[in-house]
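By written order: A, B and C. Residues from 1 in each chain.
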Amino acid sequence: MRHARTTATSLVLLVLATVTMTGCSGGPTSSTTVTRPRLERSLERTYANRYVALSKVTGHRGVTAKSLDAHAVCDKGGPTVDDAGPGGDWICQVAYTDPNVPNPDGSAKVEMNVHSNDCYTAAGSSKLVGPLNIVDTHGHQVVNPAFEFDGCFNPSGSGTPDGTLIIVNAVPLPGAPVAKPALTLPTGLVTPDGRGRVPLLLTCGDAPTSCSGTIDVTVQGEAASKVTYDVPSGGTKTLRAQLTRGQARDGGIITLTLHERTPPPAPAPT
Amino acid sequence: MEQALAVDVQHVVKQFGEVTAVADVSLQVAPGTVYGVLGPNGAGKTTLLRMMFGLIRPDAGTVRLFGRSWADDGPRMLDGVGGFIESPRFYPYLSGRKNLEGLARLDGGVDGDRIDDVLRTVDLADRQRDKVGGYSFGMRQRLGVAASLLRAPELLVLDEPSNGLDPAGIRDMRALIGRLAGEGLTVLLSSHDLHEVEETCDKVTIMRTGSVLYHGSIAELRERAPSSGHRFVTSDDDRAREVAATLPGLRIARSEEGDLLAYGRQDEIDAYVAALVAAGVHLRSLEPDRAPLETLFFLLTEGDAAPEVPA
Amino acid sequence: MNHTPTRRPGIAAVMSFETRKLLAQKRTPITLVVAAVIPIIIAIVMNGQARPPKDTLFGRFIHDSGWSMPLLLLGFAGQWLLPLLTSIVAGDIFASEDQHGSWKTILTRSTSRTQLFVGKTFVALGFALVAYVILATSTIVASVVLIGHQPLVGLNGQVIASHDAARLVIESWASVAAPLLGFTCLAIALSVLTRNVAVGIAAPVALGLVMQLVGALGGVELIRPLLLTTPLEAWHGLFADPAFSGPLVVGLVVSAVWCIVSITIAFVVFRRRDYLG
């Protein structure tokens, strides 16, 4: 009887202590160890190593982690969510160089499930790395080493962002003409100049007239600047998009949204 | 130098919550005595013994064994002291002998011959390899004595050693205690059984609800005992009770069979008989009910209030 | 007075008796045998599975390297097996005296309460280590024999040569001994406080699961490093490139603090307690 009561009391106290501890620390992602820079630095190493393993399987020679020179930028849950803390809604872009596999997108999208224990599971883009099961140079079916992989990062590693900026494909606005835009936008890794300006190499295809319009520039979903362009048909032009000081320092995913001025109706053939 | 008392308990108090288990008890036992602590269940005997063994701490007062105290000497206080509290407990998954070997280790090591000796003393030599889980109550009680004797004690403290034993077991246990006492051991024995104490002890302390009612020798107690209780069978018990109330000194009780019991000195009993006759109550039968010592014990421990011990 | 001088017993006497008591109870040898056999069975079953258990670290590589199985099991074992492995003795070693009513039997001998406490604690810690070494050895040997000693893929995707992987696997298992002993101390404390064998054995396992659950929640970063389950994963850093050991150091300190606090509370309660049973 006495014992039963003591036991019950101890257990209740333990549960209360646990609940209190949990409750006290219930602040939103307070001082989480899962931060963008840590994730990015870890992912670029892990991705490169797994990509090298994939190149071995597919028989591509000369691919090393160094030659790939992978850089990663991550974003959690879109522009409205803080880029910190565990979760399955981390999306990263990895830019790397592999002459064997041309990548018009300039970077590979990697979906990340990051756990509170500072480890993650990453899923590569099958467009670039192929399916789960692939055939090696000997004709054996093997598991694709870059399709899905695990990694862990140092929770006390540097939390300072390294300023990597990666441009991803422009998103056509809803309701915009479905036709392929005449203007080709840059993709992949870019480096800002000393004044926080990013060069944008614009190429106008064989359009009947010159390509003109505006480009909305956002970094990690946050507006940076608006660029007005006018590129002659079949020509190229490099414009500079101004970033804020913070954006240039911290880096991020640059999204370019194109607003093409509707070209005048083509003259009737004579 | 004067020889230290085997047991010297001074003004010991122990409370459990609201309940006072031991209230200001003092007790001295000279070496070589067989001493009884007598009292009904709940009198505080076991609590007193636990404090002597350091199992519980007194709220006030001191306990010294051979001059050593728990505060000054720690477990050395128990050097030369053996015994058990309530029924002795052992590890059921070990044999009797392995239990003793382990306890001997906790005493700093005892040689195997000594274990053989004590097992023979308590008549368990032929069951020593059996697991204690299969022992009868009496065997465990005897193993408890063996465990106490392992340390070659000068003071043996036994709490209700005959509890749960059959008549033959009780006889053996008393004979064993007698034999040990004969070897010069000091024995402190607690019991709720007057016969046990009367048969084995030189001196006695009688306790009730945590307090001491009597200290002294059995012989002295016997002298102070009132005459026997008497069993009255009358024509009208209610009337007889009323008559008894008019006589100071006489105590009336009801026996388990429902008969009238009267306690008092012989002259008081005589006066009661005369008064009954005078009141017209017919006396059908009158016989002595309890031995004198038992009557005293009954009066001391079972009455509504603790009576004064007749001087 | 012919006072026979009693030889003073030491902690070794308590440990010797406690060890004999442990070995006489079937549960103890059974636990050791299970610790030796279970990893072999798990290794065989896992090896026979067509689909590797990808949801635990190194699970995806079990067919590729014999070094991944011990790490998979280490991650899996921490969840409940390790607390159970130690609490089966540590949660029982004090409370079983209450269960058998035998405190009065041993407290009335020549050993002090301190000696009894220290002796029992050492035996519980010693048993935990012995059982753990058996579990670790069986796991590693069974995996390497069944699968082989191929190079291992690390936690930055790098390839770790077989001999390095062997060293890292052993270091990882060694690092988990710290929280294991932390659980031993916790079980001892629960065993002393509750005087109940069932609580002593089951509560550390339950608390381990609760801590694991709390640790897996988001937004608990402040207490996460303080949980006794966090050091169970500190070895992850050994397999990163570059390797990091911060969590191992923190884990060692956290395990030590859990152990010292638990043991201190248990000791104070044990020393001051009235034994009525």
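The criterion applied here is as follows: a residue touches a chain if its C-beta (ideal position, glycine included) is under 8 Å from a C-beta of that chain, and two chains touch if they have at least 3 such contacts.
Just so you know, these numbers come straight off a predicted model, no measurement behind them.
Q: Report the chain whose mean Cα position is at the greatest distance from that of subunit B.
A: A
Q: For which chain is the distance between its Cα centroid and the global protein Cα centroid smallest?
A: Chain closest to the assembly's C-alpha mean: C.
Q: What's the distance between the Cα centroids of subunit A and subunit B, rounded to whole Å?
A: 87
Q: Using CA atom averages as chain centres, what separation in Å is found between subunit B and subunit C?
A: Roughly 49 Å, centre to centre.
Q: Starting from the mean Cα coordinates of subunit A and subunit C, work out the distance between those two points in Å.
A: About 41 Å separates the centre of subunit A from that of subunit C.
Q: Send over the residues of subunit A in touch with two or more other chains.
A: None at all.
Q: Quick check on the complex: what are the subunit C residues that touch subunit B?
A: 1-4, 6-9, 13-14, 16-17, 20-21, 24-25, 100-113, 272, 274-276
Q: How about subunit A: which of its residues touch subunit C in the complex?
A: Subunit A reaches subunit C through residues 3, 6-7, 10-11, 14, 18, 21-22, 24-33, 42, 45-50, 53, 85-87, 115-119, 121, 143, 145, 148-157.
Q: In their complex, what parts of subunit C are in touch with subunit A?
A: Counting only subunit C, the residues touching subunit A are 54, 57-58, 60, 98, 153, 155-159, 190, 193-196, 199, 203, 207, 210-211, 214-224, 226, 230, 233, 236-237, 239-241, 244, 246-247.
Q: Residues of subunit B touching subunit C in their complex?
A: 3-4, 31, 50, 53-57, 66, 74-76, 78-80, 83-86, 88-94, 98, 102-103, 105-109, 147, 151-152, 154
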